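Next come two complexes built around chain A: one with chain B, the other with chain C.
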Partner chain A sequence: MLKILKYSFYDLMRSRWSYVYFIFYLLLGFVLLFLNNDVNKAVITLMNIIIVLTPLIGTIFGVMYYYNSKEFTELLLAQPINRKKIFMGQYVGISFSLTLSLVLGLGIPFVLYGLLKSTAIFNFTLLLVVGSFLNFIFVALSYNIALSTENKIKGFGYAILMWLFLAVIYDGIFLISLVMFDEYPLDKFSLIATMFNPIDLSRILILLKLDISALLGYTGAVFRKFFGTNFGMLISMSILILWVLFPIFRMNHKLKRKDF
Partner chain B sequence: MKKICILLLLFSYSVIQAKQIEVCNSCENSSIQKAIDAAENGDEIFIRKGVYKENDIEVNKEITLFGEEGTIIDGNNNGSVLHITANNFIIKNLKIINVGVSYTKDHAAIKVVRCKNFVIENVILDQIFFGILIEKSHHGKILKNKLSSTAKDEANSGNGIHIWHCSNMEVEGNEVFGMRDGIYFEFVTESKVHNNLSHNNIRYGLHFMFSNNDTYYNNVFKNNGAGVAVMFSKFIIMYQNKFLHNWGSASYGLLLKEIYDTQIYNNLFQENTIGIKGEGCTRINYKNNTFLRNGWAIKIAGACYTNIFEKNDFMHNSLDLAYNTKVNDNKFENNYWSEYTGYDLDNDGIGDVPYRPVKLFSYVVNKTPEALVMLRSLFVDIINFSEKVSPVFTPDDLMDKKPLMKKNNDSI
Partner chain C sequence: MIQFKNLHKRFGKLTVLDGLDLDIKEGGIFAILGPNGSGKTTLIKCLLGMVIPNKGDILFEGKSVLKKWEYRNNLNYLPQIANFPPNLSVIELVNMVKNLRPKSSNEQELIQLFGLKSFLNKKLGNLSGGTKQKVNLVLTFMFDSDLIILDEPTTGLDPISLIHLKELIQKEKEKGKTILITTHIMSFVNEVANEIVFLLDGKIYFKGSIDALKKQTNNNNLEHAIANLISKQYA
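Up next, the complex of A and B:
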C-alpha cells in the first residue's frame, strides 16, 4: 500500500493541478493579508472560502484522478496485489497531496505575516485541521461515486451534484424546515442536522471558535454548550473522523464485489 | 455660578472658623465618629494613616473629611460605613473597604441622604456592596473615585454609583468595576456623567431609568455583562462614548427602551453582540456614530418613530440592521456601509444606487432566531444576493438612498 501511496503522491506532486491549487492558496493567503493586515479577520474570510472550496476541489480531484488513472489501476489489478491496498494507496495519496497544498499554501503567507505571534494561531490551526478533514471526506465520497459509476460524464455529474447538495441544497432544506417548524423547539434538531453534513459541522465548529457564538442567542447557547467544551470538540472531531471512515468502509465493501 | 457659590461658601467657612481635628490611633480622637461628634459646622477632620475599623459613622455636620495615603476605613463587612445627612460636605482621599452584604438593606460605603452641595473626591472603595449611594440630594459632585468589588451574581451584589431621586449631579472621572451596575441613575435630572470608565460589571455598565435632561459624554463602557441600558427617559444627550466588547448571548452596546427626544452622536460601538437595540424610541438622532464589527449593528424591535440615522459608519458587522416592524418614518441617509457595492459615477462621494441594509437573512433570522446557525453558509449568501438584486421580502422602503462612498470617521 505504501508503494502505491508513494506512487500516487509523487504522480500528483508532479502534476500541474497540484501546483495550481497550491499557488491559488498561496496567492489567496497573501492577498488576504495584504488587504487587511489583521490575521484574525483574515481567518474569518478564509473560513468562508475553505468551507466551500475545499470540498469542491476534493470532489473534482477525486473523480478526475480515478477516471484518469483507470487504465493504470487496471494494470495494477492484474498484478498480485491486494485490491484494497491499491485503492487505499491512491485515496490517501490524493487526499494527502491536496492537504499538503492547503496547509503549505495558506501556512506560508500566514507564518510570514506573523501568525506565530498572534492570538489567531489556535483558530488558524483549527481551520487547517477542518480543511484537511474536508479534503479527506470529499475525496472519499467522490471515490465512492466514481467506483459506482462506469460512465465518466455521469460520475462527474453525480460528484458535482453531491457537492452542490451538501454545500447548498442541504442548507436550503435545513433553513426551510427551521422556518416551517418555527413553533417547535428546534435546538436539538439543528444540532443533529448539522452532524449529518460535514460542511455544516465544520462551519459551526469554526464559527463557535471565532466568537460569533454569542450572536446565536438561545440556539447558540445549546450549540456552545455542546461544541464549546472539550467533550463537544471531541465528539465533533470524532464525527468528522466517522465521515472519513464511513465512505472508506463503503469503498472497500464496493471493491470486493466490483468486476473490473 | 453654582460652583463658584459653593467654593465661596466653603472658602468663607474655612477662613472664618477653620478648625482642624485630627484623627489617629494614638490621638485624643481615636475614632472618626468621636471626631465628628466633637466637630462643628465648617470644621475639617483629618484622618491620619492607619486602619479604622468602624461602621455606620453618622456624618450630620457640614464638615470636610479627608485622609492621607494609607488611611483605610474598614467596615468589617457589617452595615454601611459613612452615613451622611448634612449639606456642604466634602469627602476626599479616603479608602473604604469591606461593606456588608445585605438582602434587605442597601448598605453602602458612602450613603448620602437628603444633602445639598457636596463633593466626594479621590475615594477608593473596595470589596463593597453598594459604593456611593445617593438619595434625594442635589448639586453633588462625584469625582475621580475608584470603585471595585468582586460581584459574583446579581442577587447579592450592589451598584457602584447609585443615584436616586436627585438633580444637578456631576459624575466625573470615576472607574467602576466588578459591581452589579457600574453607574445607576433613577429619577435623576439635569445631570452630567463624563470621562468615566465602567468595565467588567456583571450587569450594566451604565443603567438609567426615568432620568430626563441628562448628558453622558466621553465615557467608556467595556466588557460589561449586558452593556448599557437606558430606559423611560427623555431629552438625553450621549456623545463620544465608547461601547466596547459587550459580548454575550443577551448583551448589547446600548439598549434604548422608551426613549424620546434624544441625541446620540460621535459614539463608537465596537464588538458588541448588538450595537444598539431600540424599543419604543421616538425622535432620536443618531449621527456620526461608528459601528465596528458588531453582531448586529442596530436592532429595531418596535414602535420606533422618527429615528434619523445620519452619517454613521457601519463597518464589518455580521448583520447591519434587523427590523421586525414597519419602517414608519425612520430614516437612513448619508451613512457609510462597508458592504455597499454600488458605484459613484459623478464622483460626488454619494453612491448612485441605494443601499438596503436589511438582508433577507436578517429578515429570516428575525422570524426564526434558530436560523442563525446558518450564518456564513453558502446558501445564505446566495439568497442574500438574489434578494439584493430583486427585493421581495425585505421592506421596500427601508434603504439608504444616499450611501456614502467613504467613511466619515477616519480615526478608526
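Up next, the complex of A and C:
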C-alpha cells in the first residue's frame, strides 16, 4: 500500500492543481491577516471558507483522480497486489496531498505572522485538524460514489450533488424543521442532526471553541454544554473519525465484488 | 496450465460468459478470437482477477485464482488501452512497476529495442499513443513470467515496432512460455499463433490449430475462415 501511496502522492504533488490549491490558501492566509490584523478574527473568516471549500475540493479531486487514473488502476490490478491496497493507497495519497496543501498554505502565513506567540494557536490548530478531517471524509465519500458509478459524468454529478446536499441543502432542511417544530424541545434533535453532517459538526465544533456561542441562544447553551467539555470534544472527534472509517469500510466492501 | 471451469459472467442482463470450459496447456501461442463483444476481454480479466465471475472456477498452475493475488507475480499482462499517470516520467513509471514486483527485469534491453531512450525523462502525459503503447510493451515484457497475456498488442505501433514485437513474442515462445493474444488482425494471428480459441455466445466455439480451422470451414484463407465462423452468429 505504501508504494501505491507514494506514487499517487508523487503524481499529485506534481500536478498543477495541487499548486493552485496551495497558492490559493497561501494568498488567503496572507490577505486575511493583513486585512484583519487579528489572528482570532482571521480564524473565524477562515473557518467559513474552509468548511465549504475543503469538502468541495476534496470531492472534485477524489472523483477526478478516480476516473482519470482508471486505465492505470487496471494496470495495477494486473500486478501482484491486493486490490484493497491499491485503492487505499490512492485514497490516502489524494487525501494526504490535499491536506498538505491546506496545512502548508495556511500554516506558512500564520507562522510568519507570529501565530506561535499568539493565543489563537489552539483554535488555529483545531481549524487545520478539522480541515484535514474534511479532506479525508470527502475524498472517501467521493471515491465511494466513483466506485459505484461507471459513467464519469454521472459520477461527477452525484459527487457535486452530495457536496451541495451536505454543505447547503442539509442546513436548509435543518433550519426549516427547527422553525416548523418550534413548539417542541429541539435541542436533542439538533444535536443529533448535527452529528449526521460532517460539515455542520466541524462548524459547530470550531464555533464553540471560539467562545462566540453566546450568540447562539438557548440551543447554543445546550451545544456549549456538550461540545465545550472535553467529553463533547472527544465525542465529536470520534464521530469525525467514524465519518472517515465508514466510507472506507464501504469502499472495501464494494471493491470485493467490483468488476474492472 | 490454465483451466477455466464452467465459467459464468453476467453484466446486468447481458450474459457474456455462459458456462465456458477451456484448458490451455503450457507452452505456445494461443490466439483468442471472436466477434466484438464475444467476451474475449472478459475472459482475460477473469483470469487476472479484475472481473469476478458469477459462477465457476479458474485454475492457474493447478491452484484456484479466485480472491487471490499472489499468483499474478507469475504472469505479465498488456492492457488494451495504455493510459498512465500523466505527471510521472517514463523511467519513474518503469521503476514503480519494478518496485511493485519482487522479480528481476530486463527493461534496459527493451528500452533499447523500442528506441525509448530519448523519452525516458519525458512525462507520460506528453507522449503519443504509439509511444505509450511501446512503454506498455516494455512494462509487460520486462519480467520473466510463465504466462504472458496480450490484449490487442498491435494498437498504434509503427511497422518497425511491430516487427520487434513479433520477434519478442517468438523469443518468449522459444523459452517455453505460454502466450495468450487477443486481436482482430488476422495476418498477425496467421503469423504468430499456434492455436486458435474462438469464442461465440460466451462459449468456446472452436479450439484447434489454424490448419484444422481452415479444414473445418473449407476455407484456405484464415480471414475468410474466421469470417465464416462469425457469420454463423448473424445467420
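Rule of thumb we're sticking to: the second predicted complex is superposed on the first by the 260 of 260 C-alpha atoms of A that agree within 3 Å, B and C clash if a C-alpha of one lies under 4 Å from a C-alpha of the other, contacts with A are read in each partner's own complex, and residues count from 1 in each chain.
Rule of thumb we're sticking to: contacts are C-beta pairs under 8 Å (C-beta built on N, C-alpha and C of every residue); 3 or more make two chains touch, one makes a residue touch a chain.
These figures come from a predicted structure and were not determined experimentally.
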item	value
Chain B versus chain C, judged by how many residues of chain A each one touches	B
Contacts of A:192 with chain B and chain C, given as first, second, both or neither	neither
Partner chain in contact with A:10 - chain B first, chain C second, else both or neither	second
Chain B versus chain C as contact partner of A:207, first or second or both or neither	first
Which superposed partner A:74 touches (first chain B, second chain C, both, neither)	second
First (chain B), second (chain C), both or neither touched by A:2	neither
Chain B versus chain C as contact partner of A:153, first or second or both or neither	neither
Residue numbers on chain C that touch chain A, as the complex places them	11, 45, 48-52, 69-73, 75, 77, 79, 81-88, 92, 96-97, 99-101, 139
For the chain A and chain B complex, residues of the former touching the latter	41, 47-48, 51-52, 167-169, 171-172, 174-175, 178-179, 182, 186-187, 190, 194, 200, 203-204, 207, 211-212, 214-221, 223
Complex contact set, residues of chain B against chain A	247-251, 273, 295-296, 316, 318, 364, 367-380, 382
Chain A to chain C touching residues, read off their complex	3, 7, 10-12, 14-15, 69-72, 74-83, 257-260
